[in-house]
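Each chain carries a letter (A, B, C, D and E) given by its place in the written order, and its residues are counted from 1.
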């Protein structure tokens, strides 16, 4: 039952992921990506026993990051016509590159002896629970946690200075003269 | 066992399964209702009615026009703070167990967060005129 | 406690996340809209998350999931900065097509 | 650790310089702070402390590279101060971002856990994305920022996938644990794949061929001082992290991938140098030259023996000194003559002899002529490769160094042998003195290399 | 394996809760009009049935029978998707609410809660944050300036207030030490309601709940004086109905959650004695009735506020969210931390 659930979820996830890059309308892409995230979260919750990560995945990715994407796309009026497709050659090269990467990865991990990799019996406590994760995070991973707050500071400063308006003429290169905004 | 008093730890898959049922139920309800209204309601197509409504005046231009930057900035800052708030949950749950160490850790984090917040307020990024 | 992990082999998760990762890579390579490229990158990061959680669950080892939180935090920070860049560009030239930029350089 | 805290605090202070109206304090404070942080580093020398569940270790390697990065940042901030008015919008924020970036560098060079490596890289990269787009109304700067951002995020994906696979193979993110597990079980397919993807991610960050394609546009479009910062501090930190990762985790199995890195290094050197010849813009030429230098430094990563640490440190110092001053000179020329082709350097020897001298020294050092620091940088790197038997890589490196002389000398020759009617170049006060100081340091290291070479 | 026999109780409970939610939502519309009438000294709807009691049913039938209008320039699929997401999301939140104490039927004990998960509150947050898509997509797909503006305002508002709501909840969790709604309720047994420990947190939560549900005084997204109908300007028939319903369901559920988190849920003073007296079947039902009464009070409160307090201006609203509530939330967090450490 779980195995078939996994195959179902996996199939749906991959399908939506493909649709993300295939959809013409960016709004559709965003929605497909949200669905992909739901698929991944379903994996966390239903199969991998990691409910906290699953829910946080939805809150952070679907509830915050993708909302921001949608915001930007909606406000910028990016309709389907906005993007000229790359030529077919590009498509083929891209697909070929991705496909070969996949083949290489799959080939490398196919031969791994999984018994040595996993196979540890569960120790009883649910490691995906918020309590356990919180304990580990705030005892062993204090330093990365604080460093992450520096990262947030950088992001705050960066976002504020880049997104704010500035009343200057548009230029191309530091030396050349202003060009008119069209 | 679903909906029985839990005696031992069970895996989360079973715990969460009713959510799927609920979803199927809700989605089914929505789809059915939509379909039924579609069947029942009258279908009169008139051109004027299908135009975008702009207070009775003829609609002008594309609705999807670029917007004030404040909205973007609000959304961007929301994303950052949302993640910071998420980090607080596992801490709050273990608040008593972590003791002083936890408080210092989070205190430092909060100080940096507040510095960022102070910066945002002071730089006027959130001023709605 | 029914050991749920015995039912789905770990390698299937590795395949799944590798597949998602490669879809993301292809997306980056074939699209020109900066926002869609960025979304493909998010997809790549998510496939990494999936892989980490799968390993963490099968090994019963919490750090894997902790790492995922940090990836999410970094993704959020990246999104904030990245979309700020995209907005900045859009305000200047009214497009987010990366090839348009090269053309405008002239 | 103290070093990291003080850098962060410094960044926080600088961040408010603009909005709390103490702009004029920002530069002196940052300079003093950076010097203080370096002293803290010196103070921690040989203590080899590890922090908080072995997340990072301040060994001599970490301290040395932190100090190099901080010195680079110090110079960048000084020049930034010279060329940008304090009243310019975002002045304080830009300085703050540089300070945060160098905090990220300190994390990158001292990590003993892959999580820290990742966070360090991200702090550095995010700051650089923003700095590259600092000229918000300049399309080239915009493009630079966007390209750098997309490529950086893309490469982060590879890096992370590599880390995830490595975690799958070894069950840990700690370098000691990874090395231990790999020592027991050996490299299986998954670990090897993880290593490969990690390597791709890092090669992206250091701009090695075939992952270099973003570099020229990004370096050219970014404000020149930011370019200098990226090309020196950013690159040095990336290399230090690269080498540290491989020293800590993968050193025993180096036979497996040395050939790959060697090939990449060879192609990078050749491609970087050959492409550089065809550039008319000197700034763009320097961008390609930085790709070539990534190739030289990769040789040290490839050999991965006892002397690689010292040789890459020396190379970093030499490269940082020469690169910063050459970018600065390009900036001066750009501002005075509105362009930066080799012709714009005409007559520099007459009009501004000291600038021409600094140009000559930095170019000589970049091309590796004896009696400059660059020579010993290359010498150490090449000799450790030769001792490990990588004659062919060194041969390619030497050939490409000869190629590089051609384009490095172009502006120098123009400066000394051609005439101009343009007026004397003007530049902010202090620039010239600093440039001369950098040149003297370059020469000093070229004469007395032992000063730095042996310390780690 | 999950068998039908296992799932059946869950399904029954889902159906019951679903019916209840729908009923409450329907009658909330009625109650709203009656309350408005009461406050404004009018009679309110009184034609359909005695005292207008069948008015909501008539409204419901009308929604079914009305013509569907889908504007030509809109994106049809997304246009339909918007309200569907909105109502589905609002229906999903109710599953984690513990509606009553465990009930014993036919010799077996069943909890009156559809799912008891360890991170119940986070689940609610996740669903709420997904609910934004309904508004955004609907507003964008309409291809109408008012709708888009309304959608943008609504989503900006919702995300801004989500932060303070999170901060309020975190302070609560520091007291309770758990995210499971069931455990939170059980900790409040008798009189130990969380409102006593978290008064500021409750006020924060209450304000945010108003904003999240887009209720007055935070109903800027649909303020008819500026934006006609806001994000649902172009909607008609059942799709409009879904948006309106979603709002009422959200109001109901957030009232229930507020009662659960801060007002003891199904607990009431002296419930042990009552339970002993009436037995294991009636007792839980009384508990349920208590929760329901508390919820109804909050729904009434929502309506009361709507007809009493004028609407904010948008800049006031954003300033309140970012510069008022977030600092307040952080202060509350610090105070709570200090208090918890001091007393335990």
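The rule we apply is simple: a contact is a pair of C-beta atoms (placed from the backbone, for glycine too) under 8 Å apart; a residue touches a chain by one contact, two chains touch by 3 or more.
This structure is a prediction, so every number in the text was calculated from the model and none was measured.
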Any chain in contact with chain C as well as chain D: A, B
Far-end chain from chain E, centres as C-alpha averages: D
B-C against B-D, pair bridged by the larger set of C-beta contacts: B-C
Rounded Å distance between chain D and chain E, as computed from the means of their C-alpha atoms: 54
Euclidean distance of C-alpha centroids - chain A vs chain E, Å: 30
Centre-of-Cα separation between chain E and chain B, whole angstrom: 14
Touching two or more other chains - residue numbers and ranges from chain C: 1, 4, 14, 21, 24-25, 38, 55, 59, 61, 63, 66, 69-70, 72-74, 76-81, 83-88, 90-92, 104-105
Residues of chain B engaged with two or more neighbouring chains: 9, 11-13, 15-17, 62, 64-67, 69, 71-72, 75-80, 82-83, 86-87, 89, 93-94, 112, 115, 119, 123
Junction residues of chain D - those touching two or more other chains: 12, 15, 115, 119, 122, 126, 129-130, 133, 136-137, 139-140, 145, 165, 168, 190
Interchain contacts (touch definition) - all pairs: A-B, A-C, A-D, A-E, B-C, B-D, B-E, C-D
List of chain C residues in touch with chain A within their complex: 1, 3-5, 7-16, 18-27, 29-33, 35-36, 38-40, 42-43, 46, 49-50, 53-63, 65-66, 68-70, 72-81, 83-88, 90-92, 95-97, 99, 104-106
In the complex with chain D, residue positions of chain A that touch it: 104-105, 107-113, 116-117, 139-144, 147-148, 150-151, 153-155, 157-158, 161-162, 166, 168-175
Chain B - residues contacting chain C, complex: 8-11, 13, 66, 69, 72, 76-77, 79-80, 82-83, 86-87
Chain D partner contacts - residues on chain B that touch it in the complex: 112, 115, 119, 122-123
Residues on chain C engaged by chain D in the complex (per definition of touch): 14, 17, 21, 24-25, 28, 34, 37-38, 41, 44-45, 47-48, 51-52, 55, 59, 61, 63-64, 66-67, 70-71, 74, 77-78, 81-82, 85-86, 88-89, 92-93, 98, 101-102, 104-105
